[in-house]
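Working notes, beginning with the structure itself.
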Amino acid sequence: MKPNDFMQFAQKLWPLNRSLTGRGVVQTLQLIKEIIPELSIKHVKSGTIFLDWEVPKEWNITHAYIIDPSGNKICDYSENNLSLVGYSIPILGSYTLDELQKHLFSLPEQPDAIPYVTSYYKEFWGFCISQNLRNKLVEGIYQVVINGTLQNGQMHFGELVVPGSSKKEILISTYICHPSMANDQISGIVVSTFLAKWISENPERKYTYRFVFIPETVGSKYYISQNYKKLVKNVVAGFNITCVGDERCYSYLPSRDGHTLSDQVARHVLNTEVGDYKTYSWKDRGSDERQYCAPGIDLPIATIMRSKYGCYPEYHTSLDTLENFVTANGLFTSYELYQKCLLTLENFCFPRATILGEPKFDKRNMKPYLSQKKDYVNHILISEFLTWSDGRNSLIEIAEKCNVSTLELIPIMKILQDSNLIIQIAGRKNNN
Amino acid sequence: MKPNDFMQFAQKLWPLNRSLTGRGVVQTLQLIKEIIPELSIKHVKSGTIFLDWEVPKEWNITHAYIIDPSGNKICDYSENNLSLVGYSIPILGSYTLDELQKHLFSLPEQPDAIPYVTSYYKEFWGFCISQNLRNKLVEGIYQVVINGTLQNGQMHFGELVVPGSSKKEILISTYICHPSMANDQISGIVVSTFLAKWISENPERKYTYRFVFIPETVGSKYYISQNYKKLVKNVVAGFNITCVGDERCYSYLPSRDGHTLSDQVARHVLNTEVGDYKTYSWKDRGSDERQYCAPGIDLPIATIMRSKYGCYPEYHTSLDTLENFVTANGLFTSYELYQKCLLTLENFCFPRATILGEPKFDKRNMKPYLSQKKDYVNHILISEFLTWSDGRNSLIEIAEKCNVSTLELIPIMKILQDSNLIIQIAGRKNNN
Amino acid sequence: MKPNDFMQFAQKLWPLNRSLTGRGVVQTLQLIKEIIPELSIKHVKSGTIFLDWEVPKEWNITHAYIIDPSGNKICDYSENNLSLVGYSIPILGSYTLDELQKHLFSLPEQPDAIPYVTSYYKEFWGFCISQNLRNKLVEGIYQVVINGTLQNGQMHFGELVVPGSSKKEILISTYICHPSMANDQISGIVVSTFLAKWISENPERKYTYRFVFIPETVGSKYYISQNYKKLVKNVVAGFNITCVGDERCYSYLPSRDGHTLSDQVARHVLNTEVGDYKTYSWKDRGSDERQYCAPGIDLPIATIMRSKYGCYPEYHTSLDTLENFVTANGLFTSYELYQKCLLTLENFCFPRATILGEPKFDKRNMKPYLSQKKDYVNHILISEFLTWSDGRNSLIEIAEKCNVSTLELIPIMKILQDSNLIIQIAGRKNNN
């Protein structure tokens, strides 16, 4: 897979009008299924009650726009689907400018940008417009046209479970409910889809992988409510993937607990592969980690992003595009970083030496025979690895003691395992 | 209660000659009982043996002074009860200046001040005098008059137990054995008495409150020896109250353990309500925490003070007065701060959400329906509170994570409890 | 014992040609036995297999040198035993300068120094020479003479077990396999021998002491393989003693674990007795701690040195001498510091007060009867000691809380124990 494959897939996803429900969501899932054919596209009926929530009505729009007093079409949903407030009710009517203003949204600080606004849980209609255009609106009668339906139907989501040799699971979740925005929507779908493809095509796998493509919040909550016992029992690590498309600074948002395996892996990979990245705190949460890590659910879900939602100027506006913000390289390098996280998870263990004391390195050609001053206090990496392989240090902790990345240690660990000098144990050895 | 009530009570207590025993102690306890009528005034006989100690004789003085060679009365106990060394034996005699000097105490560095000196456990007599006056003493014969008794009698102390819905106790201890000094004596009695009044008059109460008014050291040791099992079993938190009358910097002296519930509460309330305060260490102990926190007793007793004993120049001298050091406002604000500590203790718990994942805030009018960029990553305090309500974080820890005081969280906790969204559990939930 | 005794013993040890095996090792052990007659000199046959290793052949040299083209004798082993590469095979032959160069070792950065080189585990011969001399070698034929044997024989080592009242052991290990170098060889033998003498002659002893004099690496590994269960069961602390002869900065190398009793004692004694010392990490290991602390062996062995092996310019060269680097005072003060470590170990315990609350100090003459301002908040050391004697703090932790050394506390602990005010318990009291 090349960076361009990522951008081409992103461009296909771009024009669809995604929301919590509706055709755009189904089309998005079908495009994902073209890349990972094993994906199950599932649905649940509007009005279904779960936890403290209810599955919303299905929302579908055919066209939506405003005719201004001069007869020009403005806020045309077919030109930019951000123009219509999400979940606007169908309507046909004439309004004075004053009346219309109560239904318009713009951003005075970003006068060129159309904002992204939704009203999922209260019946309402509205349009989003650039401040510049709004400033030019003149007195007169405006014709508002919102054609479509908001009625009982289905909420759709996708699920792919790739079995591994263990029933323990890695959970990758991304959301599919935002319209045409690049970093805060499409990037998450693209990277998650290609990770799913990579995992599916890779025959060696310790863990079972669960990929979930769902509407944010209501979707993840519904998914958790249906899979609660299984998730709590099996998920050992996972990531909520979003905002992984640009090339600005990397970001890390911890799980609520902050010390789960996912957090350890994310920090280690960011420290060794990226170095300079921004660490947020749980106070800064805002995506589905809010559900996965909620009290009583407590899944070990962390998030690695590029520019984090809410923290870049283009966020939730028409400026978050594939042209001037998200790049093929940004998508691809985020994908590669998540691959490194998954490799680290696959190899995560507590290595334990099987031999008492140092093995004789020289007879194994791991050290020179001649002992000279200059060689004396230089430990080779293999000896550093072995000295910490006492079953009490994890692969990540050993890497940090050796000042290298886990990826550098994995081949050494394989050599030592093949020489029967270590075994891998799954859990930390107790003191005594 | 107003600041002036505190000062008026302080002024009534001022003239009494308190010591380990004697009429001044009994009169002090009677004045306290006027404010908290349920107070029990108890006593124990001189010579009673307990632990490594013995109840001292009862000491009562009618008059004490020196007649100088010119016939002037100096060091008159009736003018300032610090003038006589505490527990001085009765005596009547004539002495040369040289002989007298061995029984005089003054402070060269504070030449205006009369120091406070005692000799509880060795028979002795002496007078305390300002250095300035001492310098003026001339050669000649001095008549010494100490009239009174030092004989078997009683040691008195006060106790008030206010039952709560739980048998678990909060212990408030203060001492009543110092003569006329304001910060290091009277302030502790005043604040403790008014806290007892407030607790007694407050019908809603989780804990049982035990207020103890005792002679320092020998009194608290005796009290512990008589109530050991009960105290060790029931006391969950408490404070030794002393030096709470001036308006200089607040001070915190930890329990010996340093991490008890009392310490957590004291530090949290000081951090959120005061901000700038001085933290002492166990090395700086000097009052009854020495007994309550001793090995094998280990009660969770911390101390919040204003200017700490031993650490302000007026300490243990005639300069520690109600006129130039302790203020009505100092007494009252110390009282208010202890109220906040007790409120935090009363509400202390480990809140646990009863719902899986975030509740639907909008349908409860806790969040707007419309989702806009500006609202997106602002968590409201109620949501911050809930996310940490996993039964593993205490109310104080949640307040610290939310960067607010427990007092701000208490009303939110009540709303959530009334909505059945959380329950309060008494002890920390284990991992798993 | 005086500093000069240490230097005289060092001078006796100096000329012997030590290696893993051979006459020099046996003579060294005999010199040690002159000072500690109870020493057992043991041996094991070449070729004996243990763990991943094998006991090496015995190496004995009678003479070794090179005759240069002018007929001069150079690299004469009888003048400096570093001149011959350790474990060189016997040989007699003529070589051109080019051929000879492949068998010569020198240090361009230290042109005056003869380096120390060995080839224990691969058959080889070679000579070590100063760079200055090497630069002067001319073309021509060189006669090489190495006369001696490398054949099956014995590996020797010494062991002294001094029984104490407990079967629990303190292990002191030093190596005996380096030829004539002062700090990195002789100092370790000298200090260990005199410590063994001191322990043997001292009738009061809680622990059993095990002193081991062995060839480095192969010797310690063999010793561990033969005594594994006993060592793992009994050793509670210990030190690998090496590089303790000069007067430069003290050094501390932790055990692999870093927090064993030996580490606590070493750090405490260095902090209180030395103050300014260099702390190395486990990455810097290089002597027998590599074996004693290996995974699965995990003995609590730390090391206190002066100039650490590998970290001083004279290291492993002919410059590491008794004339210009190691001193009588350096040897003696290192010995004294280790004595303090052993005294701290002997007295290590968790003191627990037997009395509830503070004892009455004045009646025991531990505090003045008169209470004056200046005395009030000064705790005497005995009271500080008692307040922490709750069975949860070790002697070292109490010393650190009191800001003194354990050596200052030991007499106080004895007084309190004799007064039945404390008992010593061996292990930390649990909370509850």
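When the chains are written out, they are named A, B and C in that same order, and each has its own residue count from 1.
FYI, contacts are C-beta pairs under 8 Å (C-beta built on N, C-alpha and C of every residue); 3 or more make two chains touch, one makes a residue touch a chain.
Because the structure is predicted, anything quoted here is derived from the model rather than measured.
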Pairwise touch network: line, ring, star, complete, or other: complete
Superposition rotation for chain A onto chain C, Cα-based, multiple of 5°: 120
Whole-Å separation of chain centres (CA-atom averages), chain A against chain B: 56
Contacts with 2+ other chains: residues of chain B: none
Contact set on chain A toward chain B in their complex: 51-53, 86, 105, 107, 115-122, 124, 221, 224-225, 228, 256, 282-286, 290-291, 294-298, 309-311, 315-317
Residue numbers on chain A that touch chain C, as the complex places them: 352-353, 355-360, 362-363, 369-373, 376-377, 379, 384, 386-391
